[in-house]
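What follows is a set of structures to go through.
One chain, subunit A, links the two complexes that follow: it is found with subunit B in the first and with subunit C in the second.
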Partner chain A sequence: MTPSLLWIPPDDLRYAHGVSLVRAMEWTLLSRKTLDAMARADDAAEALEELSETHYASFMTPGQHVADFELILSRALESAYLLFRRLVLDPDLEQGALRLHDFHNLKAMLKANLEGSEPVGIVPFGLVDARCIRDAVEGRDYQGLPLDLAAVARQALGSYQISRDPRLLEVIIDTAAVAARVSSFAGLNTQVLPDYAVLLADTTNIRTVVRMGRSNQDPSLFDLACIPGGSLPVDSLRLSLGKRATLGEVYSMTPYAKAVREGLAYLQEKNSYAVLDRELENLLIGTLRETRFVFFSPAPIVAFLLAREHEVRMIRLVMVAKINRIPAELIAARLPMLYA
Partner chain B sequence: MDGLSLSLLGAAIAVMLAGFGSVIGVALAGQASTAVIGEDPQKFGKVILLTALPGTQGIYGFVIGFLVLLKLQIIGGTPPPITTIQGWYILFSCLPVALAGFLSAVHQGKVCAAGVQMTAKRAEESGKAIILGVFVETYAVLGFLASFLMTSGVTFG
Partner chain C sequence: MARLAVNATRMELLRLRKRVALARRGHKLLKDKQDELMRRFLELLARTQELRRQVEDGLARAHWSFSYASATMSPEIMDVAFLLSPAELTIETSTVPVLNLRTPRFELKSEGSTHGYGFAFTSGALDIALEQYQAILPAMVELAEREKGLEMLSEQIEKTRRRVNALEYVLIPNLVETIRYITLRLSEMERGDLTRIMKVKSMLEAARSARDS
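Our next item is the complex of A and B:
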């Protein structure tokens, strides 16, 4: 690394190759125009046809059916994760980007184990082999798992055994997953990613507060679901629970004012979180876009991966909406901006 | 240390430091370029100049080193008697190209690598990336000129 100048993080010249490669691949990211065209398509088959005219064609086989769209998205993600693991040289970054999937697999396996069913939705993108997590869950022996994963498994199972509430188990694991990403990115001495970590914690907490306040859930659940590391004090978040009428004022002096104000207005009018989610995602993507001014840092590589994850979520959203014949204008209202 | 040794030290520093800088700069721009060419081989023509640009400092350092060797008549002759003061003079006259060459090559490598990244997204803008790289070159040229003028002004005997 070359030395830091005052507050500017040092250039990490090891990433000259990796950043150049993702810059050369940024054309593969979908534009909003393509996503809008998919949303306006007459049906899901036509939306898939639109997708086949993009980079996603390389993940399709001839005669691919609408029902296979998850497979196409899974291939696209797998390709993005392989590229990421090839280019990223810091274990902390791998941890921050990929540990999320280990938590996801742990949740799926714990739930399946408690219900006595087969786990569904297992993804092969984590840092720990899914079979290893499965063996640990089935044997109730977590010693073979990384410490953070094992601790969360014990905590989630302990809470479930007391409450018998599978929702609690989900909340504990989902919170740990996001918190792991936040803490990994927050500790990096690089551009953009620490800011992204703060924003990720805040936006997740705001979503939790709005949803919990609306469904009048037990406020103690918020302490379990709250992600540490954000800029909004936990006390003020807790206090804003149940104050739906004044929630907009609580956040009026924060960068989230517009998102919360517009999101709550839409929630009031249409009974939907679409605008709140869209605006909060716009903030996250807006921060990731700042990596376009970063040249020697892992941040653009991480941003590329997060942009691909975001894009895949949006394609899934459009495809599911098209399959369920949701009107195009409703889909468009939910779609946030894209990285490209 | 005698005058001849000091003069040779100056020539060595000029060649080495400017050369080290160019090695770092070209390697940096080269790493960026390989990534872009790997993805789109047609961009080779657009990135080649950006990759080569930080290499010029090494040439400037070599030219000054060669000039010193000619002055000392190390090549094809017998070195004249050189006083310690003259030796120090030669050594100091080599420093501008050595230091300006080293620093400018490293930083030019960064600008060129960033230019390669820009070219990866907007191939039509590669000319602008080259111009920005050339701005850094200016200071290597000034260092070279300073060393050239100082070295040329030395007379022995």
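Our next item is the complex of A and C:
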């Protein structure tokens, strides 16, 4: 986005080694050509074979079955997180990138605890040990958790106990999770990442507005779901709720005009968010690509991690689509640009 | 036809004649019932086939959307999204009389939204998939009600058909055959008695004429 073009922060030479390592690793990111080849494959097994020709081969075992593709993706993510934690020297940045998983685990534990079932969907990539979160949730004693997690846990639980609405609980935790990433990136004295933070807040808010408007959700929910730190005024976002026809006009003078216009047209025509999601992701990836011209900053390291996460999501999209025999052209319509 | 093991007496004949009249009346009633069951079965079948097509199309669309939604989210996010759902579905059951059958009636009641998850990490495709499942749910419950009704009707038709056939091809012919046998047997006995009386009479007359002479 424009502010970073006008202002160049000082070089952070601590990251010279990390950036050069990440540059060397960028060849391992998938190209659009590979992803298209996977999408065009006759079946999931053939798509997995295409994947085995890439860097992902190092996460596969001989005779790996199609059903195990999530394991391969999980190993790839684990490797990316390990590399990230090794290279990043600022704890704030580490928190901004990985705290998301702690919030996810907190949400899983709280929901499972309130339901009286065993927690599911725990991810092992967070900064706080999942057992520690579980103990805190079960004992309703959040002293052992980082302050931000503890505050959100108390707020979400309190809100659920009043309303009995699990959506409120989830919205509060999700908003805190994204807001933590946004504020962490926005506060960095570096290029690209503050712009990315603004884009992340805006695109998340746009998606929320469109989804809430389409399913006629209570507009007051938006006050909880809105991610602070974006460039779009909260009032205009709130006003555009439920006005799908005029949403395009509301965003016409913003960088999101094309994404919203095309996304809403596709949603109206095909009842699918595919184009909106694709276009908004293109904006995010487009911004991340600007880190290619940054050398002495943590931005390329963060961009590499985010690019890997994005890539894993795209591989999952192709593989699940192939397993469920979704036509290749529909997959291609959803695939956004890649970092590589 | 098999004959019943009964004594060839006039009392038995009268009893069998009453039984055959009753069996014929029962056969007619059962035949009428079978026709009515068949009519209702065919009527319900036509409506159910159409409903099944609608449900199958709706489910295929919803499954497709759900597959797409699961492709756009990690399995962990999907798992957590479905924990602690605010939606509560209850089915109240009752029965409706159809001839002598009591076919089931299901009434679906849903409370709360199926959307018990946030917006930031879940995909909009999940909203669409759940809406499609929710839209098809009443039709699925109605289909279950109709198909159970059809199953019960077909069982009843089969049972009635077996009874009609048993009356038509076994019981009534056997009774008729037994009546015919008893009638013949009684006629035979009458003829025997008559011959015996005539013989005794001629013997008595012969004895009397021998004594007179």
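One rule holds in what follows: the second predicted complex is superposed on the first by the 333 of 340 C-alpha atoms of A that agree within 3 Å, B and C clash if a C-alpha of one lies under 4 Å from a C-alpha of the other, contacts with A are read in each partner's own complex, and residues count from 1 in each chain.
Methods note: a residue touches a chain if its C-beta (ideal position, glycine included) is under 8 Å from a C-beta of that chain, and two chains touch if they have at least 3 such contacts.
Please read all numbers here as calculations on a predicted model, not as lab measurements.
**Q** Based on the superposed arrangement, let me know which partner A:24 touches: subunit B (first), subunit C (second), both, or neither?
**A** After superposing on A, A:24 lies in contact with subunit B but is clear of subunit C.
**Q** Between subunit B (first) and subunit C (second), which does A:268 come into contact with in this model arrangement: first, second, both, or neither?
**A** neither
**Q** Looking at the overlay, what does A:231 touch: subunit B (first), subunit C (second), both, or neither?
**A** So A:231 meets neither subunit B nor subunit C here.
**Q** Look at A:52 in the shared chain and tell me whether it touches subunit B only, subunit C only, both, or neither; answer first, second, both or neither.
**A** Touch status of A:52: no partner.
**Q** Check whether subunit B or subunit C contacts more residues of subunit A in the superposed model.
**A** Here the partner covering more residues of subunit A is C.
**Q** Of the two partner chains, subunit B (first) and subunit C (second), which one does A:295 touch, if any: first, second, both, or neither?
**A** A:295 sits against subunit B, while subunit C stays out of touch.
**Q** Per the contact definition in the header, classify A:11: touching subunit B only (first), subunit C only (second), both, or neither.
**A** first
**Q** Touching A:189 in the superposition: subunit B (first), subunit C (second), both, neither?
**A** A:189: touches no partner chain.
**Q** Across the two complexes, find the residues of subunit A that touch subunit B and also touch subunit C.
**A** none
**Q** In their complex, what parts of subunit A are in touch with subunit C?
**A** Of all residues in subunit A, those touching subunit C are 70, 104, 107-108, 111-112, 114-115, 117, 120-123, 164-167, 169-171, 173-175, 177-178, 204, 207-208, 210-212, 214-215, 217, 225, 227, 271-274, 276-277, 313, 316-321, 324, 326, 334.
**Q** Going by the contact rule at the top, pick out the subunit C residues touching subunit A in the complex.
**A** Touch list, subunit C to subunit A: 64, 67-68, 70-72, 74-81, 83-86, 113, 115-121, 123-125, 127-128, 131.
**Q** Residue numbers of subunit B touching subunit A in their complex, please.
**A** On the subunit B side, the touching residues are 28-29, 31-36, 38-40, 43, 106, 110, 113-114, 116-118, 120-121.
**Q** For the complex, give me every residue of subunit A touching subunit B.
**A** Spelled out, the residues of subunit A in touch with subunit B are 2, 11, 13, 16-21, 23-27, 295-296.
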